[in-house]
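Look for subunit A in each of the two complexes below; its partner is subunit B in the first and subunit C in the second.
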Partner chain A sequence: MTIKKNAMTIVEILRTMVAIFCSLLMVFAIILLVSDQPVSALRDFLIGPLTSVRRIGNVIEAMTPLIFTGLSVTMLYRAGLFNLAMEGAFFIGAVAATAGALLFDLPPVINLVVAMAFAMIAGGIVTFIPAILKVKCHANELVTSLMLNYVCLYLGLYIITAFFYDPQMNSNYSYMFADSMVLPKLFSKTRINTGTIIALVTVFVVWLILNKTSFGYKVTLVGKNDNMAKYSGIHAGIVIIGSQILGGMLAGLGGSVELFGMYQRFQYQGLPGYGWDGVLIAIVARYQAKYIPLAALFLAYLRIGADIMSRNTDIPFEIVKIIQAIMIVLISAQAILSKYRQKLVVKEAKELEEMGEKV
Partner chain B sequence: MIDVILSTDFFFTTIRVMTPILFAALACMVFTKGGIDSIGTEGIMLSCALAGPLGSYITKSAFGGVIIAMIIGALLSCLFGYVTIYLKSEPVLAGIALNTLASGLTIFVIYYATGEKGSTQSLMSPTVANVHIPILKDIPILGAVFSGHSILTYLGIFIMIVLAFFIYRTPAGLRIRSVGENPEAAKSVGINVIKYKYMSLIIAGALCGLGGAYMSMSYVSFFSKEMIAGRGFIGMAAESMGRGTPWGVTLSALLFGAADSLAIRLQLLQLPAQLIQTIPYVITIIAIAVYSYTRSKQKKKY
Partner chain C sequence: MGNEILRMEQITKIYPNGVMANKEVNLFVNAGEIHALMGENGAGKSTLMKILFGIEPKDSGKIYFKGKEINTQSAAETIKLGIGMVHQHFMLVESLRVYENVILGMEPKKGLFTDKESAIQLVKDMAKKYNLNVDPMAKVSDLSVGVKQKVEILKVLVRGAKLLILDEPTAVLTPQETKELFEQLILLKQNGHTIIFISHKIKEVRQICDNITVLRGGRYVGTMPVADSTEEEISRFMVGRDVVLKVNKSPAKFGDVLLDVQNVSYINQENKKVLNNVSFQLKRGQILGVAGVEGNGQNELAECIFGFYKNVQGKIIFNNQNILEKSIHDIRTLGISYIPEDRIKTGVAKDVTIWENLVSDRIDSKELKQKGLLNGKKIRDMTKKLIADFAILCKNEDQQAGMLSGGNMQKVVVAREFSANPELLIANQPTRGIDVGANEFIWKKIVEQRDAGKGILLISADLNEVMELSDSILVMCDGEPAAYFENSKDITEYELGMYMLGIKKQTEQERRGA
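After this line comes the complex of A and B, so read on.
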């Protein structure tokens, strides 16, 4: 068993590398084809984010929400469900955090904690709905969660306009938060804030839950083989619901951290899309919590690079989405390198056989 | 309040906003019948919404634009098929990838085609005409509701009837369904699984093409970014809620249209529009839950 797993892991890592390489290659080809200044475009894209402290800061800032949604997707998918409500959970998390920040007048740090707790609870409720419908009614979580995202969007916008709308603003923005609600900045010249530290601590906590607790073990087992888990006495339903709630809480927390780290008031007008990004982050990290920051850093770097490139040259920022799409497909393509995997498995099996003969 | 809702305007708008959802839902129905995951519908429609105006600009005819949108839809759909069938990508992930690709690529393409990043408004491309149906248009209330829609709307209803016949009354339809329901069994009786998978991919892709073209050539007269705005997903839901039958799917699409139209009307009454907008989604979630629950109960009995 362990041998087979080794070969699988090697192939998966290789496939991820190949996918990243191929998608970047294709994008370079596109840039060379359509750009009038391909050299400066490529330079901006590849090393642009490293050229100033502010830009490095931008990468870290962009990484922070991605870590949360990457963790969220990891938690949601580990249990084998395609629950896509993390997008709505992130958004509702930000709405709930706004409510928490504006409704109470508690001592500074406590108010911040309360607002974030609100966000986590709200996020957890969102992902709980497709989960309970899946477990109790066998409803397809994919469709219910997609619909739920729109409920979150409109309900969230309603809550903001009905209760927290600042009439002095033209758009549906909320009132400004008190200064004490803004997460402190860590470095001058950048907007890097304590939110990044919260994100990294969260990574550690999720890693602990998934790898060092029996709950985490059960989640993985249920995700891999529902029936086997059932026969070994695990309540698959409870495990699924627990993991989905946790996943939503992570996304909700992400929404609040992003809100208090980067904004002074609630100003989303649509779903921000971090949830969908989380899917890419999670599959690049192969659903391992410890690799999530790396994957998030990678996507954040691409984003900032593309942003710099789009401002200086004729390549639009949206090229990042093309990279994302190619990467998702190639990494998840089981057929790529499948022959190589076969070879590895056979080779290792033979080695094992020989070892057995010697003994 | 009732008179604001129960106006001919309301029913006219319902049909108008229902049309793209109907196409999406029919596409999802064909995908699902062929055993293919339909989450990519959103992205295919978005790409086709761009292909339509660009095509009609190049061919200088709305008809050309619609055909090109259908071809692009079929091609993208086949690409999705290739990735999931041959490269064995997880279909849900491949669908998410397709949606991501479409939202990036469309902006990329319009930027190079028009120099703008938001829309193709500057192209002034030909659009699909609205038609008034003789006789019907002169009948008092019915005329105001059912006449004067886009050609594509009438085409959509026609296609729905054709599909109902095709899927349930023809050998090819039967084979598509058998391939979708149990590919192994279909293979064992000599059905070419791949061929019928691609047949449903092409039909569904072309339907997405019509839905996308309707959005940018009829609903409004140009492409603007992210203009599908979840209608592909709603199509998936309508397919689920309509239990995969053409009439059920159409009724579900109509329900979404009515809810959307209601939201538009209620905005006139100063009611919280955003709350009203959640209604169709909430109804869908409940309907899917109830349907799935009763079906799983039935399965247990046997």
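After this line comes the complex of A and C, so read on.
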């Protein structure tokens, strides 16, 4: 059987495309208006990331943490909760991984695995808090999770300063990790490491959970209509809590992979923001695990392009934020293409009508 | 033929979820008449009026009012033209007084403030002119339904409406209130107003209307003068066949007791006792119809049995087990299925595919899995079979459930609930607002289940459905059983109405003995 994508899916994909296209167009316009060297700025921005192996490497490196947070947001939002604690979970994940790396002296690979497990557990606990408050006390998860992120930040910084602070460092950095804790590099001249492979495997696992297990099915159903899920005999509360814990674990794992892939010690002084980026990535990927790497690659490419442009020309890096903002606004604007959508709907309804008349 | 005040031509409306609510519908209304717009639930009457009123955009067609084409985009614009609508569900601010509601948005001003005196006077004058007996100072929340309706009509008149649309005005009224309403409508007509009267009650329409336009399944069937038509003719137009639906069923063979409800009481979240000491038994092979005016505890009774609530008092014995306080999941596993009252809120998830809707109760079943993972082929095979068996009209199983028409959406629910192979099926308004074909199909399936020795608890506000389909009838009134008839043929529709309205009530002995 050929599976025809239904009209709604087509419209959704088109809308995403239109949003991306329009936001890029606007940014080009801004560059042309304000820059003294618009041509070289645009060139750096668009093809800069492809001009050297190191830069291509930078794109892949930047993509890796974004994949984790994108997956995390996908998992969190599929259940219909706007849980924003993935930002805190990512950060706490890195803190817990630091603890796992510095507290034990286990054989090389095992210690790495233990540290990552620490990160996942810690991340899961963070997102569990808004979830249980939602299910048991009907507290708005948006508010609780947003506030929780600050708790995570200061708790994490406290843990690092109190237990793992390296007095030889001027800043608030932890001790250096053992060499065995650093994720091996894959290519020379770049910092691409096995973390990227872990990320891609995670994509597959999340895809499997969401599409091939009854748990994933339940998460989607609860997110779409929890009334109907409950009436079908699904324990919506358990499903929500499970999905939120899982989402936090993904973010936590991302924190540890980023830490061991790119750093030798814990260095964050604030929330790194990957969690917020995850929201954009999940939206662009339409909450589908399989599109997450693509969306993450896209954002990473923009970032690196803007970075190169800002170093060579008079356009600042923050231009990327404008693109992100416009994209979110446009994708969430339901009215865009709504006429086209209605046309497709009308066509589909008429086809069904004719089918009905033949029966 | 008088002169035409309203002409709606070839109106087509498809909702964003793909439901074709109107297809090339016509409506021609003469000035100064009471024009009935008739059709069953889901025939597209309300949609047509929403389009006229500017609340819903149309996909094609033309509207002429007083000879000029109009294309209003909002209710406010339409009201200005002199068209007013009394909605089925009142649009009143409960906490305000009557006059405040009437003048809301068009307050007479004295400087910066509302001129209270003249507002009250205005309402009083209008009320007197049209013989709408309401107290301008009364609080809306204290008023009865009938009086609230008068306030609505007053609201429309004060805004200068020449054409009034009344959306099923009698649905919520008692017979006395209905009579009063009709007198007022005739007075309005004599004053030169035109009225579109939406209803599916043939008798009422024959009482006061001049012409009838009938819709069926979203399509225009025809327009005729009331004087030239008989009730049978109108009903044939509405239903699309000669008489009201009948069902072919063999005499019931009752088995042993399947469900034993004992002294069940339930106080809802608004602290109202919605079920009061309800007891009854349901046997295998029996269709027990629960009749009653809506909101008398029937829905709560079904949801109690199916485990929706906590803190229910009494006992519900199913197959010798008390199922009270069990989870919905456990109740389903024990062999009870439920067709809920509201298919859009509870019965289906509109935004997911048909196959996802069909497996929601059995997603953990081994039959759909292979090596612990969901197996796409098994799921597809099962859902395709259900779509075929239950004649669900759709493109394929990947279509969104929200794209289906009401009848087909209901068939999705019915397919899932019946194929779970339950011992007991609770059907709560199983055929509300769906087309005749689907209705007949669902009835047939219910009778099949009964003949297979299953128990059916049928809850319906549709008297014809209760009378036709049930073997036995339980009447609910005010959260209590008012009467029970072992054989549904022992009671007439008229008598049933007496029990439903609480005019008559059986004693407990009578119910037991019957």
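Methods note: the second predicted complex is superposed on the first by the 349 of 359 C-alpha atoms of A that agree within 3 Å, B and C clash if a C-alpha of one lies under 4 Å from a C-alpha of the other, contacts with A are read in each partner's own complex, and residues count from 1 in each chain.
By our rule, a residue touches a chain if its C-beta (ideal position, glycine included) is under 8 Å from a C-beta of that chain, and two chains touch if they have at least 3 such contacts.
Source: prediction; values computed, not measured.
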{"item": "First, second, both or neither for A:W276, with subunit B first and subunit C second", "value": "first"}
{"item": "Which superposed partner A:E318 touches (first subunit B, second subunit C, both, neither)", "value": "first"}
{"item": "Contacts of A:L33 with subunit B and subunit C, given as first, second, both or neither", "value": "neither"}
{"item": "Touching partner for A:L142 - first (subunit B), second (subunit C), both, neither", "value": "first"}
{"item": "First, second, both or neither for A:V109, with subunit B first and subunit C second", "value": "neither"}
{"item": "Contacts on subunit A seen with subunit B and repeated with subunit C across the two complexes", "value": "none"}
{"item": "Contact footprint of subunit B on subunit A as seen in their complex", "value": "34, 82, 129, 133, 136-140, 142-144, 146-148, 150-151, 154-155, 157-158, 161-162, 276, 279, 283, 316, 318-322, 324-326, 328-329, 332-336, 338"}
{"item": "Residue ranges of subunit B in contact with subunit A within the complex", "value": "39, 83, 86-90, 92-94, 96-101, 103-105, 107-108, 111-112, 117, 230, 233-234, 236-237, 240, 272, 274-275, 277-278, 281-282, 284-285, 288-293, 295-296"}
{"item": "Residues of subunit A defined as touching subunit C within the complex", "value": "1, 3-4, 6, 8, 208, 211-214, 217-218, 220-221, 224-225, 227-235, 341-342, 345-346, 348-353, 355-356, 359"}
{"item": "For the subunit C and subunit A complex, residues of the former touching the latter", "value": "14, 16-20, 23, 59, 306, 308, 327-329, 331-333, 338, 340, 345-352, 356, 359-361, 363-364, 368-369, 372-374, 380, 391, 393-396, 398-400, 403, 405"}
